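Multiple structures are listed underneath, in structure tokens.
Paired with subunit B in one complex and with subunit C in the other, subunit A is shared by the two complexes that follow.
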Partner chain A sequence: MVDAADSVLPCICGTGELIAVGSDIRKLSLLLLFLPFSLWILLLIILPHVGMVVLSLREKVAPRVYEFGFGNYIDFFMEPIYWNTLIRTGLMSLLVTFLALLIGFPVAYYIAKLAGNRTKGMLFMLCLIPLWVSDLIRAFGWILLLRESGIISSFLMSSGLIDTPIEFLYTDATVIMGLVYTVMLFMIVPLVSTLDGMDNAMIEAGYNLGGNGFTVLRRIIIPYAMPGIVSGCIVVFMMTAGSYLTPILMGGKNSSWFTEQIYDQFISRYNWESGAAFGFLLLAFTSVVVWLGLKLSGQTLSSTVAKS
Partner chain B sequence: MTEHAFDLECIDVSRQFGSVRAVDNVSLSIPRGSFFSILGPSGCGKTTLMRMIAGFENPDHGDIRIKGKSVLKAAPNKRNVKMVFQHLALFPMMNVHDNIAYGLRCAGVPAAEITRKVQDVLERVALPDVAKRDIQQLSGGQKQRIAIARCMVLDPDVLLLDEPLGALDLKLREAMKIELKLLQHQFNTTFVYITHDQSEALVMSDQVAVMNQGRFEQVGTPQMLYQQPETAFVAGFVGDANLWHGKVESMTELGAVLRTPAGTALQARLAGSQRCRVGDEVNIYTRPEFMSVLPSGGETSNNAGTRGTAGADNVLEGRVDSVLFNGANSRLLIRTAEQALVEADVTLTGGSDDIKPGEAVKLQWSMQQTLCFPASAAQAS
Partner chain C sequence: MLIRGTGSGAGSVLFKLYVLAFFIFLAAPLLAAGMFAFNDSQFPSLPWQGFTLDWFFNDTEPKLGMFHDRRLLRGLNVSFMIAVSVALLSVFVGTCNAFLFVRGRFPGKNFFYILMVLPLVIPGVILGISILALASNVANGVEEAYNLELEFLRPGLLLVILGQFSFITTITSLVITARLKKFDISLEEAAFNLGASRAGVLRTITLPFLRPAMIAAGIVAFLVSFENFNTTLFLVGSDAPLTITMYDRMVKVGSTPVLNAVSVFLMLGSGVLALISLLVQRDKPKT
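Right after this comes the complex of A and B.
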């Protein structure tokens, strides 16, 4: 946009005065260009979060009487069930992230390096297709498969392997499986794009200089793909920790996902102040985890998420 | 340890991709410590041949031997053949030291020895202070030397180089040519160098194989390839040459007399083992430096502006179309009755007797410097 304005303007304006007008137009076009972006950031991200912080710092002292204080945060730390849930959500999200990486990496490697050009597109498409269906419908699909009277249970019954129907739903394993399935694509995409940019000669050089398959993977492919790995992990971790639908539907009331606590505070208890505090704590917690992850892997945000 | 005369041998190696024979019955033996080049146009199969030697492709048939032992069964990481890739393939996530140490670590060399060997090889490539630098901080020529050092630290039997100078700018390429040759002397390892650039091959090599359409056209020293090309392809590909097409009119003891479509009679010597009969279509080649350029009408005398005083078996009249000035290696483009421009090398001194565009000139050259090949062979190229 700016470049286009640059190339057109010299034709329109020959004299010094007009050039000044030209630079005004350039400023204006730059401003207009950034307007939707800044509105989005301001109205949808900064403003609501400022509101949340303000809200979370209000203590209810009497009906409709509030005063400034950290009471909502203190409540969180005083009540083990709250912070236990947050820790549990964090740990399970880490596990989901790890599993998604474990499954996603070979898939991404196959798509980026081993598949031919035509199969590559098709495989990518296959990864995308589940996204056409909403989260909700996909979760119900899982429920159809896994519930006590579901397909898997009745199949095992009819084949005589089990005597009584088994409830596969409402366990941690189910929640993790469902979450891995939901976030898989967001792991695969950044991995494929980094691995795609890797020169095959680098892998060949790894073998040529005497490395075996494992050394090449550990010393060359994984370090090279690190920005993609970290970027995928950040996205997947954030999505998992913040997800609501899958843990609720597949884990039931016992899933103890932290988003559920937030929902409860806002909707069931109508305690917006505490809900806001919880929301803010979740954001702070995931940010700290991501920051730790970046420190440990020696990456920066600009070398990972901003790149892919 | 048994000493084997040849570091690398290929015996009847073939490789087919679909219906294309990328490498067709190629045999070569490279003596110890020599600089061997494989020269050919892109798509001639030279890269496939190199990848087979490195183990990234398997030949359909034939054998590849390193120091006399067949390596067909050995995986790429088990062959003591190291390769400098076209774009070098240095590992960007490691610094210079780790790049060079990678191979040593794979081989399980103790840490103290790795440090010593890396420093040693860095000194040999004249870059002793770059060990801690990132790859991105190196210049093109330095990257080149690190890529070679990374291979040489492993003490390979054969070092393969796949057009490594292709990405460098002209000045650096010229410098690296000399440097590569010096490095090869210093390490005294067999280098196999792949290129499509004939000047690289001629300058650096002890032996050059000219490859075309999956086959070796000729293997020999650079001098042999240049002076006694055995096939029309070699004559046309190695060095510059003027080409005439014609029909053989008569055969003499020394060679053939042919007539071009424009009616000029030219004499040529038969190259190598080529045969031809009266009536055959042939192509003849002469290098620009063997052409003497005289002012038109002048006697056959030594003109100050021309090189060479060879016999005048062949004479052509023409007009100078343009002068490509390059000091002592200047070149004239001369339009003759054959239409095509004839190239002739001259030395331009800047004096008044220099040849200028538009002048009528007489070209003459010896039949000894004119090589004749059957036209069918040339069409294959």
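Right after this comes the complex of A and C.
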């Protein structure tokens, strides 16, 4: 995608004289353009992450005395609560990703292929509306619906289906539903844009060659939509594993999400070394999962997420 | 019968019902958060006590409306300042990045492009702690070596802005890059042939072409910044933006419907901004 634009460059200058002058100017402007990019990536992404790794390798041996060592990582693996939380976060994030794909794919397909031209745009916009509303408000809305004195419980009471109020919050199922809700749009948007580019004739051809609905879905539609599926899954998985608000608000104290452990180490215990180690472990863990996903699906980062 | 399902048939009806149910699922929490802003009750729960606008405009306790609640208003103001700074900064860098990656030719371009996209998939919590740790380290180092206190590297507005800027710039870069790729280079050639200067061409032809994307990217950046929580949580100082103020209230004090009123206010605000970004992006007859 990027390379295609390269060939456009040389044709700006008309005469030979201009090319000489132009190439100096071009080098200068390239440097000038590279400056904000490199400052941003270097100062706000690379250096902080290198710093985080260095910090995580500092072992506290006495008050205000530190040594280089893997103590923080050893602590992590020695304490089952820590790595159990990480594994739990990972598994639940995978489940959320899978559910989001399962629920979102038919909706994306409907929007991209079945809806009429006018409803299509409208439905797509409807999908985006929750995107513009803060996580906090969405979780707040769910709390009002699901808590013991909430709308659903009151409604069931007044309709006589139950006698005592039911608490729907603070269960794993609620957390998973809340997370699926939060990340759904990041699944649907890439799916709609890939499916949109698909020629309907391909599907028709599948049917004409005698395929049934399921075969066409499996052999034609899904392979075509693969970059969108993988892209959506990566973003959704990373967002879920890194989310903080939804698990804590909808799961309460028992949600044991790994980001809560990081927050706890950093802010409550003021143990930055161990918090940095946890942060690095979360990043490494999620990156390995994403890498595995890319390998298994035969995609690359630049064919999915990095595609604009 | 997937593609032909636009017509009638039981399968098609079921499919439509499914899509309908999905949109009800999407709307449910937003409606729940919104409706209690108008309920004349101390608590955001049923039964319905009648319609009121007190949670917006009333100026006395116990039903203090959001427009008279000092802490909420201060949070709103802080969020607004942060969001405007982040939007301006990230649109500027995003525009530079778009030119860099669409027009520039340099070794390792694909590698750098992936670096540019990367911040989008780094969990916000990790961006927050890593920037906090680096800034504090630098501040501590300077303090020890030169006995100089660099206040701006401590948790506070600047760090919040930088933390949000660090990943929002990826979004603005992608939006503006997509638009610049559609630019017809012959327009610039024509202007050069007619004797226009580089700056002139940029100002009168290329930037106006990019303007809709720049505005849309700015609006997205503003909204994402406004609603950000994860990164902000670690970098926030004494000036708490609105999301942090609301969260504190939700967790510590227990919620009164004033939070619902704020939710309605924010939803309306984002709705208007989203509409604006749609309108500016609508393609006019080709320039």
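Rule of thumb we're sticking to: the second predicted complex is superposed on the first by the 286 of 308 C-alpha atoms of A that agree within 3 Å, B and C clash if a C-alpha of one lies under 4 Å from a C-alpha of the other, contacts with A are read in each partner's own complex, and residues count from 1 in each chain.
Just so we're on the same page, contacts are C-beta pairs under 8 Å (C-beta built on N, C-alpha and C of every residue); 3 or more make two chains touch, one makes a residue touch a chain.
If you're wondering where the values come from, they're calculated on a predicted model, not measured in any experiment.
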| item | value |
| --- | --- |
| First (subunit B), second (subunit C), both or neither touched by A:217 | second |
| Subunit C versus subunit B, contacts on subunit A by residue | C |
| Partner chain(s) touched by A:137 [first = subunit B, second = subunit C, both, neither] | second |
| Subunit B versus subunit C as contact partner of A:127, first or second or both or neither | second |
| Partner chain(s) touched by A:113 [first = subunit B, second = subunit C, both, neither] | second |
| Which of subunit B and subunit C A:208 touches, first, second, both or neither | first |
| Touching both subunit C and subunit B, counted on subunit A across the two superposed complexes | 204, 207 |
| Interface residues, subunit B side, partner subunit A - complex | 54, 56, 75-77, 81-83, 85-87, 89, 91-94, 102-103, 105-107, 150-151, 154 |
| Sites on subunit A touched by subunit B in the complex | 199, 201-202, 204-212, 215, 219-220, 223-224, 226 |
| List of subunit C residues in touch with subunit A within their complex | 1-6, 15, 18-19, 22-23, 25-26, 28-34, 36, 43-47, 92-93, 96-97, 99-106, 109-110, 112-127, 129-134, 137, 162-163, 165-166, 169, 174, 177-178, 181, 185, 188-189, 192-193, 198, 223, 226-227, 229-230, 233-234, 243, 246-247, 250-251, 255, 259-260, 263, 266-267, 270-271, 273-274, 278 |
| Subunit C partner contacts - residues on subunit A that touch it in the complex | 1-3, 5-6, 8-9, 11-12, 14, 25, 30, 33-34, 36-37, 40-41, 44-45, 47-49, 51-52, 55, 103, 106-107, 109-110, 113-114, 116, 123, 125-130, 132-142, 144-145, 149-151, 154-155, 181, 184, 200, 203-204, 207, 213, 216-217, 221, 234-235, 238-239, 241-245, 249, 259, 262-263, 266-267, 272, 275-276, 279, 282-283, 286, 290, 301-302, 305-306, 308 |
